[in-house]
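Contents: one structure, followed by commentary.
Order of writing sets the chain letters: A, B, C, D, E and F. Residues in each chain are counted from 1.
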Amino acid sequence: MHAVEVSDQIMIAHSFRGEVFGPAQKVHGATFVVRVAFLAETLDPHGIVVDIAGAHAVLKAALLPLNYRNLDELPQFAGVNTTTEFLTRHIFDLVADAARSGKLGRDGRELKALRVTIAESPLARAWYEAPLW
Amino acid sequence: MHAVEVSDQIMIAHSFRGEVFGPAQKVHGATFVVRVAFLAETLDPHGIVVDIAGAHAVLKAALLPLNYRNLDELPQFAGVNTTTEFLTRHIFDLVADAARSGKLGRDGRELKALRVTIAESPLARAWYEAPLW
Amino acid sequence: MHAVEVSDQIMIAHSFRGEVFGPAQKVHGATFVVRVAFLAETLDPHGIVVDIAGAHAVLKAALLPLNYRNLDELPQFAGVNTTTEFLTRHIFDLVADAARSGKLGRDGRELKALRVTIAESPLARAWYEAPLW
Amino acid sequence: MHAVEVSDQIMIAHSFRGEVFGPAQKVHGATFVVRVAFLAETLDPHGIVVDIAGAHAVLKAALLPLNYRNLDELPQFAGVNTTTEFLTRHIFDLVADAARSGKLGRDGRELKALRVTIAESPLARAWYEAPLW
Amino acid sequence: MHAVEVSDQIMIAHSFRGEVFGPAQKVHGATFVVRVAFLAETLDPHGIVVDIAGAHAVLKAALLPLNYRNLDELPQFAGVNTTTEFLTRHIFDLVADAARSGKLGRDGRELKALRVTIAESPLARAWYEAPLW
Amino acid sequence: MHAVEVSDQIMIAHSFRGEVFGPAQKVHGATFVVRVAFLAETLDPHGIVVDIAGAHAVLKAALLPLNYRNLDELPQFAGVNTTTEFLTRHIFDLVADAARSGKLGRDGRELKALRVTIAESPLARAWYEAPLW
């Protein structure tokens, strides 16, 4: 299996509901370093998995509505804990839509899976990986 | 598949038996940066894989008996080469017991697998990954 | 000149006033990886600049009131922009007080300067360095 | 599954054919940080996946013909785009041959798979993973 | 002294003349991770050293003519070895001009010095630091 | 001021005498990532501070007697605590001798200072910087 992975970053605020979160129940924030890996069995005729500039653009578009925002105030996240785990899935869904619809310069059927990784600090990260089809 | 990974570190001494180890047959040491990833198909109602503070605590407990020690002197390692590979499995077993018994704030059955990674230097690392059930 | 540097991290929210900050005028957040370097001309009789466990403890104490907080709500920061630059100086002042008063296991006069570095992301960081006396 | 991964680096020039590559159609270059992971179900009697010095040597031998070269001028790459993805496969093939033939100090049948990762910058990397048999 | 440092990257090809360069006399390439630090004694009324978005823009403008190019072919570098050391000074000169002329949103006289660092690999880097006035 | 910095690593064991060291009084170990920076006011006619291959060789020679050793057993360290701080100075002295005597491919008088940095973990490092003349 081949893979290409690109990276970008956002700076967000949020808070969590539930005693399990301890001090993170208060409004705090994070720098999220976000990576998306695109997996394919074969390379295209140019010798690539996807157009890497296109991959960066799709990731940036998925992150734009979150960057420099308090996620607690965004309607799309009303009533949910925007944990690092939750956000890996949220970004997966957005990038997967773009990948399936061929926005990455390749027939989406040739892309097999995505993995979205968010590092919230040097000591903790989360990822979500799933097939595209 | 969702995953959450936490990191900690230890500083240990040890030596190896076997010509394949070359100069590492002498007593030397390492800073081990240890990461444990917890894998689950679903998030819990709080939107997490495991309680991240609990994950850090379980990892720290597994590392405590090793930190600042000469592993050659520890009875639990008598007669074995405490290679990076061996230690990934050793830590896996300890964290897996905690995970299976629900010490991470979630029914252990909902956790599917663990991966333990040890970076011994910027140039070399090892990992061990296996299902929990 | 000798130096020892220790590192810790916090996750905070805040917002800035001033058009120069663009989208960062909204409430957002950051993971701050904070390092403090202690500089001395000579090592003490044990061969160290400062007790490294003590250095970690002093840094942690300086960061504790900020961690998992919205800095906009803290009375000690009323009316100021808690920029990365500002916070390097804020932490400097707290650690410098501890260093001057001998809390690092060494006559404070033997410590010459401090440097506090905050990395807010892989792409941007700030530091403040000044003599202690 | 156990794994051991070693790392090395090369500095190369090359150019790509195809409008999808934009400015990278011109001769440019890259520092490639290359990692090879060896996967095995079991450790050998010494407690290792492979001899780590041997793994470094095999990787270095695979990289030597590429280091400090313009890949456009190498006959083995005539007519192909030497993308990061392509090179992960190229290195895989060379290291796989060495692994299968027992050059890593272990019966090649006991090694199950390889993964070759190339980081071309802090923002982009590619990998190729496949079974050895 | 306060400092703010921003980072960007380029991918270039080049070759060197002189036996001291060994295999690097051939056309090869590098990913250069470039950081520029702006030093000032005081913060401005907003609590910053310079506008960080402006700093990123000035750095990007300095790097644009080099990115994805074979530096051997650029007229501004005719007859010189474009070593990492040389390039730190080249970028210093361009960013210093912008800083002195107030393009960073602050009277250039309030900026005291710059430091340009280029990491060419995990194992080697160079920097150039000098006063602005 | 120009600088070039190269990096290498060693894996050592040792122990410390003195209650201030707490658990590090026992035999333990560390991976030391060692960097040496060479500082000069001017570049040589080739456009470099020092021959970077020569710099790597000098650093490697300084580290060789320490690598894969228990420093407690080395006669040159009898009666001293081989702290990270102490070792930065030890390596400084060895590399400084080589630099002063012209072993780095340049009249030693043109090199102004050295800085030796040892990272013992992601959370702690030490450095020693001093003029060469």
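Worth pointing out:
The working rule: contacts are C-beta pairs under 8 Å (C-beta built on N, C-alpha and C of every residue); 3 or more make two chains touch, one makes a residue touch a chain.
All of these numbers come straight from a predicted model, not from anything done at the bench.
Steps from chain A to chain F, minimised over paths through touching chains, total 2. Contact with both chain A and chain E is made by C, D. Look at the contact of chain B with chain F and you find the same residues on each copy: over half of the numbers used there are shared.
For the pair chain C and chain F, the distance between mean C-alpha positions equals 27 Å. The distance from the centre of chain D to the centre of chain E, with each centre set as the mean of the Cα atoms, comes to 31 Å. The residues of chain C that reach two or more other chains are 122-123, listed in rising order. Listed by chain label, the pairs that touch are A-B, A-C, A-D, B-D, B-F, C-E, C-F, D-E, E-F. Contact residues on chain F toward chain C in their complex (touch as defined above): 16, 18, 20-22, 80-86, 88-89, 122-130.
By the touch rule above, chain D contacts chain E in their complex via residues 9, 11-14, 23-24, 26-31, 33, 67-70, 73, 120-123.
Listing the residues of chain E that touch chain C in their complex gives 1-8, 43, 46-49, 51-53, 56, 105.
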